[in-house]
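Residue numbering begins at 1 within each chain, and the chains themselves are lettered A, B and C in the order written.
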Amino acid sequence: MTARVGSRVDGVEESIYKPYNGRIIWMREETPDITTFRVALEEHEVVDSFTSFKPGNFVLASVIGYGEAPFAISSPPSQRGSIEISVKRLGVLTQVLHELCVEDRIGLRGPYGNDFLRGEPKGKNLLFVAGGIGMAPIRSLIHHVLDDRKSYGEITILYGAKSIADIPYKKEFKRWDRMDGVDVVLTVDPGGETPDWDGRIGYVPNILTELNTSPKNCLAFVCGPQIVIKLSAQTLSNWGFKSRDIISTLENRMKCGIGKCGRCNVGHIYVCKHGPVFTYEEIMKMPNSDY
Amino acid sequence: MRASETNDMTGKIRQISRSLLEAKEADYVIGYELETDGSVCPVFIDCPEEVEKLVWNDRCIHNLASFLKKTIDDGESRVAIVSKGCDVKSIVALLQEGQIVRDKIKVLGVDCSGQRDEKGNLLLKCKLCRDHRPLLYDSLIANERVDVREFDVDSVDYSEVEDVEKMSVEERLRFWKEEAEKCIRCYACREVCPLCYCVECFTDQNLPKYVPSTPSIKGNFLWLLMRTFDLAGRCTGCMECDRVCPVDIPLHLLNRKAIKDVATLFGYEAGRNPSEKPLLAVFSEEDPDEFIK
Amino acid sequence: MVTEKKVIDDEGLNQFVSALIQHGYAVIAPTIKADRVFYGVVEKGSEFVREYSNAQNSPKDFLFPRMEEILRFTDDETVVETFPKAVKRVFLGVRPCDAMAIKHLDKLFNWDYADTHYNKRRGDAVLIGLACNTPKSSCFCTSLGGGLGPHHKKNVDMMLTKLDRSSYLIEAVSELGEALISLLECGVLATSSHDEKALELRENAEKMITKRLNLDETFKVMDDNFDSAYWKTVARKCIGCGICTYLCPTCHCFDIQDEGLFRLRFWDSCQFALYSKHASGHNPRDQPHKRFRNRVYHKFVYFKKNLDEALCVGCGRCKTYCPSKVDIFKIVSEAEAGISEYRSVEIPK
């Protein structure tokens, strides 16, 4: 799926706002308010470059009559024929999405945005830090990296949620932990544990400080609520990570996704167009009283 | 207004503002300043040196009370505000609804014999005005030339409203449809109104979304009518909404219709007495109820 | 390219309008509507008002309408685009500031993704400019770069300059203009004295614009002082409505919402709280001064960084129709002085 740019190679004009017709082919309730949808495009849609997206990209998903909203693609490019989005129920559209079933239609527009792996990540150790629904784009990246396991070094995944019930992708975390050279650390907020919980208890930025990951030849990807990003980035900087080796995503309210409706800007940077992936070095240059 | 009057009153306003700021009894003063094209616009004065910016003349149209909405968010600032009789009614309405604290504002009440537009014509709200002297103030900037007698309540002129009432239903629908089509949903009417202070306006509500955000005829109609109803019993008729509308919708007709109905049905007028409860916030057994069958 | 110049009178201009209409063009020109000057479709030349400073609205209303359907969903749930019908249009009497504004919108709506809805309306729309002989005191077009001034011809297809009470110099500027000037059946060829008169009018008009701004210095001062308390104090009399954004010929922000089976695109304003509010409830620009600052920066810093232009043409509409007469020129031209006054004061979060 490639983003529409206004006119096609065959000279036909098209609207950059026109979604592709997609159908839900599978879904999984990850937590009480997060559901993952696997969406395949209808046959008559242009599918030759369907998997040309990169981890970090997002799509604007819509339901007729309820509008559109941006969602990070949470599946890897190697997953042919479909993409996945993990949706947290928060407002009108997400509520409607949660009421859909397999076979129902979803419109998809995109993929838009930049990607996590600009620059040269191969050969490096990777640290993934995520909280809440921030895990969605990170999951795409982790799968993508594991598709080419030998190109990367040690992998550490730290994920935290409010409670055990709020942890998405539970089976995948278990599977990753069993892999060689992959270490998964799960944590829940204090009070979110049950007596049989064998993971950590504490907020993500605090648990991070216990990991003592070496910055040597390492890239860190941090995704989640703003406070998690901020505190984690500070810890990583204290350990010696360069701010351009700390990579995160920003989110903002979006409508067009392509830099025209004006609203997702942080300073002159449009999150939809110049992001959503930014290095911490770039984030520090942004006006922080506007975000 | 003669130059001598404006100079006198300007001088008094500056003097009072200066003393309030010097004595730190006010954090800032909201008043009027001259604009380059001869008109007047609001100004915020933070220190005694700046009081020279303040003026008073017959172009001081704005209802500065709408800036008191900002003190609601703050809660801590003490504000001095230059207010005409009509503006003070808005202040009273805000006090009635518990939106501002009386001892956090210092009202510089100004006697007013009417304001004029850029062509020199007396404004409609001034032709209808009975409050040449504000009914509430902390300091009074008096003007002996202004007639400050109590006016006869029954002499209120609703002729513009009655002209619309005389139209047939079809004519009225056509009239208001034409007006509603012009609306661009800039919400200037809402933002300039001292009494539109809802943290979330009904048009912005999403769950459910019951008023379209789009400037469609349906959305615009709902917007205009629902705002009128939300203001019924509270609107003091300052007509700022009408002044600011960039597409000239005669909003004053809607709000004055509500004012007329409220006066006729309930004998009530908003913004007269700070200790009075707003009309639609109370129930009395004598309230008309012929509509209950 | 031969730039033919002619001189016509009011009647000649009326005939030209009729000829355009006969050739299938919709002619949009400033007309009087309830005492105000608005751009609207004219049926005959006499409706085209020629003595005015600027219309309250701008050609933006016709290229980027306040509400338009962009998609519709059919019964079998397929998506169909709704493109505007192809209409041949002439915008007559466009001031150079408004013509420059159209250029800026062209850039934005084609920035990496071509907005076909806008492009179809923009299409072959012909712009016939009307030079400004008496700029208003609120005008400051000459400071906005690109050679913009009251007689600037670069962004129009044809230019009209009113030489005296009833004669107009009319010239083709682009090929499109050349093609249309042949529709003029009357008029005399312009002579050098006409050209001299036009030049004199232009110089007078430029002198009348006393408001001057150094864009580059302004850009630098603003870029370095985003957190200054200055931005909070100048925003205090802004009431947070959308008049400036909606009447501005370069403001382009919009919302997209579904209503039933239609997806609509309509104007939105960065001055509204809802504009940037997240579904989670977090709002990065939760206070009025942050939204106000964002607008000023978009105009003089952000658009420059992204598309190399100031997103303002100095038309003065924002100030003229603002309920509080907020003066963006004053705010940015006094920024350097104002900011140093507030240097020790940081805006509290």
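The rule is short, and it goes like this: a residue touches a chain if its C-beta (ideal position, glycine included) is under 8 Å from a C-beta of that chain, and two chains touch if they have at least 3 such contacts.
Note that the coordinates shown come from a computational prediction; the quantities given were computed from them, not determined experimentally.
Chain centroids computed from C-alpha atoms place C closest to the centre of all protein C-alpha atoms shown.
Chain pair with the most C-beta contact pairs: A-C.
Centre-to-centre spacing of subunit B and subunit C amounts to 32 Å, using the average Cα coordinate of each chain.
Mean C-alpha positions place subunit A and subunit C at a centre distance of 39 Å.
Each chain gets one centre point, the mean of its Cα atoms, and the points for subunit A and subunit B are 49 Å apart. Counting partner chains per residue, subunit C has residues 255, 257, 259 touching two or more of them. In subunit B, there is no position where the chain touches two or more neighbouring chains simultaneously.
Looking at subunit A, residues 91 sit in touch with two or more other chains.
Here subunit A touches subunit C in the complex through residues 3-7, 13-19, 21, 62, 64-69, 90-91, 94, 105, 107, 226, 251-253, 255-256, 258-268, 270, 273, 287, 289-291, going by the rule given at the top. Only residues 70-71, 73, 77-79, 81, 83, 108-117, 119-120, 226-227, 252-261, 263, 265, 268, 270, 275-280, 282, 284-285, 290, 293-294, 297-298, 301-303, 305-306, 347, 349 of subunit C touch subunit A when the two sit together in their complex. The residues of subunit B lying in touch with subunit A in their complex are 206-207, 209.
On the subunit A side of its complex with subunit B, the touching residues are 91-92, 95. Of all the residues in subunit C, the ones that touch subunit B in their complex are 34, 36, 56, 66-67, 137-138, 233, 236-237, 239-243, 246-247, 255, 257, 259, 264, 266-267, 269, 272-274, 288, 321, 323-325.
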